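Letters A, B, C and D mark the chains in the order given here, with residues in each chain numbered from 1 onward.
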Amino acid sequence: MSDHAGFFTSRLDEALGWARKFSIFQYPFVTACCGMEYMATACSHYDVDRFGAGLPRFSPRQADVLFVVGTISHKMAPVLVRIYEQMAEPKWVVSFGVCTCTGGFYDNYATVMGIDTIIPVDVYIPGCPPRPEYVLDGLLKLQAKIQAQHSSGQRPAAEIRPELERPVFD
Amino acid sequence: MSEYVGIVIFFVLAGTVAGAFVALGSVLGPKKPSAVKSEAFECGEVAFSLPVGHVAVKFYLTAILFILFDVELVFVYPWAVAFRGLGASGLVEMVVFLGILMAGFFYAWDNGALEWH
Amino acid sequence: MNAASLIQAVKDRFPDGVKASHSYRGDATVIVGREFLLEVARTLKEDPAFQMSFLMDLTAVDFSTFGAKRSPAFFSNSGVAVSPSPEFPDEDPWPGPPVSHPSAGAALGAPASHPSAGAALGAPGPAHFVVVYHFYSLPLKHRLRLEVPVEEDDAEVDSLSSLWAGADWLEREVWDMFGIRFRGHQNLKRILMYEGFAGHPLRKDYPVNKRQPLIGPVN
Amino acid sequence: MLLNVGPAHPAMHGIIRIVTKLDGELVKDIDVEIGYLHRGFEKMAETVDYNGVIPYTDRLNYVSPLINNMGYCMAVEKLLGISVPERCHYIRVIVSEISRITDHLTCVGAGAMELGAFSVFLYMIKAREYLWELVEMVTGARLTVSYCRVGGVKGDLPEGFDERCGKALQETRKVLVESDALLTRNRIFVDRMSGTGKISSEDAISYGITGPFLRSTGVAYDVRKDCPYAVYDRLQFDVPVGTRGDNYDRFLVRMEEMEQSIRIIEQALRDIPPGPFLAHAETGRPIPAAEMVDEGKIGNIAAIVDRRVVTDPTLEGAAKSQHPNIEAGEKRVFLPAKEDTFGNIEGLMQQFKLVMYGHGIRPPKGEVYFPVEGANGELGFYIVSDGTSSAYRVRVRPPCFAIMSALPKLLIGDMMADVTPTFGSVNMIGGELDR
């Protein structure tokens, strides 16, 4: 019986994964220079709409994927966490650009060194700014992840990076 | 009786499709309610005050004017469908009806009800 | 009018206000005592000879570690910071950072002594902070830089927001980044950093990556 | 009612928070809060050496990065007291004007999109793609270019740049004509834009506003005309000036400025002093570098012993002969050509002295302010140097900081819906505003 049910639920998972994968409503949390490259990716030349992810929704209630685009400073971090928590399940996070992956070359008092220290991230797109082709590749990786996900949408617990002590030099 | 079957089928179809979407969404979508999620979304900040309490009267005025002139269309549609059968008298009645309506509109316009400030 | 005549005009107008002046690389610069600032700014704005219509920029410089040897690179364990002397000989050298005169009883005409590193307390030594104003006159098309030396203990200068509305935010940023107060400013609070941030990041004694996160780990 | 048009808002370009006191739809009072993208540019500029600051300057006004590069490099050159060869001035003017056009395209396109004209946004971003391909051809990157160097530029204009530039500018003109037809006499666009966000020229000057914002109020102040730098005094272009100082005038001023920038580029391309793109053919029979390597591998030394190796002048490193066209001929400032660095000991020493930590460019002690006409106004760099290899203090005068401080004066009295077009025409760029 269980494999019969298993057959049924796995078929359902695949159908759900397929439906979610090609109808990504993205919340572009744009702050800095990567926003220009995000514009170029979303517009007609590199067209993100070919992958079904063309509709930006500026409210976390209607968005599936949170595109964190551009440097997140410590003043912006609480806003980002609040918006992430207000997003409806199932939700994913894409960290767009090296400033969101690891803080980039702004290793100073003002910048959050990587947003995965404050919210769980699914796909990292490095690059400063990443070329539109990187972004589309990142999107494909996200879609593969969505397809392979269990229908209940729960994700592996986000591994927050180990506490690494850094030399404080003036 | 027979011509109403079309309408019934139309409503049944609409109901099932809409209901299916809502049901599938609520059944299959995972739900994780949390305190922050239920708060109002105000661009990532804590909302000062929910827009409860008094609202400027201008909104109400504009809404009423809209309803007034929009609902009249409900009467124009059946008239337009049965236009052939009504002949000239139907046309005159509609012109009179719309005339009264336009008089009301010009009065409101003249009084500045449409201006915002 | 060119740099020299501009400086001369300001000097004639304020003989005791102007402490020193130079036009290094053609930028007319006048160093003014803190108590004359508002007066000088008002004349620069209203006097037909200057007509400084724009307050282009208002910033501050922390000269506390000027000329001190640089700390060795974090990857070099030799402990010696290699900083060979500048290779560009300079025919008209820059007269060094503005010298601050002890506010109590400004020594009249104190010699603009070359900035000795360890200035004795009270003796005119390089100022800890210098507030720098850049003016531009639209009709007369000339630029002037005004420098006001300020000490660390009472870092306070008159606010120019009554003369130029643009000064309001610029002064808030200098307060946020350097901790220099502006007398007469309406709401002098932080503009770039968040309220909970302790310290002023652009000071030389504030380490580059000392973080005070609102949320999340300190790394 | 107190409404929070917060940082995460599409109209606020993601990083400004406006707390508005509303009476129905009218904006009674506004409190602007910035600093959400403060990344500590001025603190980082004190930790890296003079050439290391250039990547940080790209990210100041990231819509027109080349203008920031040029501004910073010219300020350091003024501090050093060196001047750049003729051809390099022309190259700087050309790429700065291309960058200015991309800035205006993005600003006007985003402004129109926020008013619902989405197709104009798509056309303008398409035109921007053509220009970015041009910039990528010259500098190697689309946005964070780091093309300029203290004392010159990274590489000469590549071969075939003129045709590609002509084609791209023609496409841009076509898009400008289309957008002009779509927007300028469009009833909705004109009603939304004219009359909102008004500011008088006295207020603008008092706030320190410069650039298209000031020119739309009727004051013809342009740094390229008033204090000309590079070769702007030799080029003919005029400064568009508005009258009423509202959003519509700013839109017209920006559209006209794009036209002027195209004119500047064409003039500059016409009379740029000719410098050979590739190595001179007559001094030694040129052979492409790859071929030379293959010949060497199979031991055919005789075929390559007296040949002159030819490398692509831009990305693989500048060919030695045309290097002097683009650098100030100052050994203590500009990196030697790749052939010299690996060819002779002097080149290697020059490279070492410029690259090693603690060495690098060491200007004399001094302070310098150099204004440049950025896309939003006067972009000034104030540099204080203490003789070591890293700047003691680098201060950027951000043009849109002054405009943002005038935001309450622009928005109070307008309706809530007018906040979006006004904010679109302020063209606030986070990197430049919060540095």
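Things to note:
In the analysis below, a contact is a pair of C-beta atoms (placed from the backbone, for glycine too) under 8 Å apart; a residue touches a chain by one contact, two chains touch by 3 or more.
Keep in mind that what you see is a predicted model, and the values were worked out from it rather than measured.
Of all chains, the one whose Cα centroid sits at the greatest distance from that of chain D is B. The distance from the centre of chain C to the centre of chain D, with each centre set as the mean of the Cα atoms, comes to 28 Å.
Between the Cα centres of chain A and chain B there is a gap of 37 Å.
Between chain B and chain C, the centres computed from C-alpha atoms are 63 Å apart. Chain A and chain C have centres, each the mean of its CA atoms, that are 44 Å apart.
Annotation for chain B: residues 43-45 touch two or more other chains. Chain contacts: chain D has residues 6-9, 35, 38, 40, 43-44, 434 touching two or more partner chains. Each of residues 75, 79-80, 83, 108-110 in chain A touches at least two other chains.
If the chains shown are joined wherever they touch, the resulting network has some other arrangement, not a path, ring, star or complete graph.
Which chains touch which is summed up as A-B, A-C, A-D, B-D, C-D.
The part of chain C that touches chain A in the complex is made up of residues 71, 74, 193-194, 201, 204-217, 219. For chain A in complex with chain B, the touching residues are 12, 16, 59-61, 79-80, 82-83, 85-86, 88-90, 151-154. By the touch criterion stated above, chain D contacts chain A in their complex at residues 6-10, 13-15, 35-40, 43-44, 55-56, 58-59, 62-63, 106, 110, 121-122, 125-126, 128-129, 132, 142-144, 430-431, 434. Every residue of chain D that touches chain C in the complex is listed here, in rising order: 34-35, 38, 40, 42-44, 47, 78-81, 203, 205-210, 219, 221, 226-227, 332, 356-359, 362-369, 371, 378, 380, 382, 384, 386-390, 392-393, 395, 397, 401-402, 404-406, 434-435.
Residues 28-32, 34, 36-37, 39, 41, 43-45 of chain B are the ones that touch chain A when the two sit in their complex.
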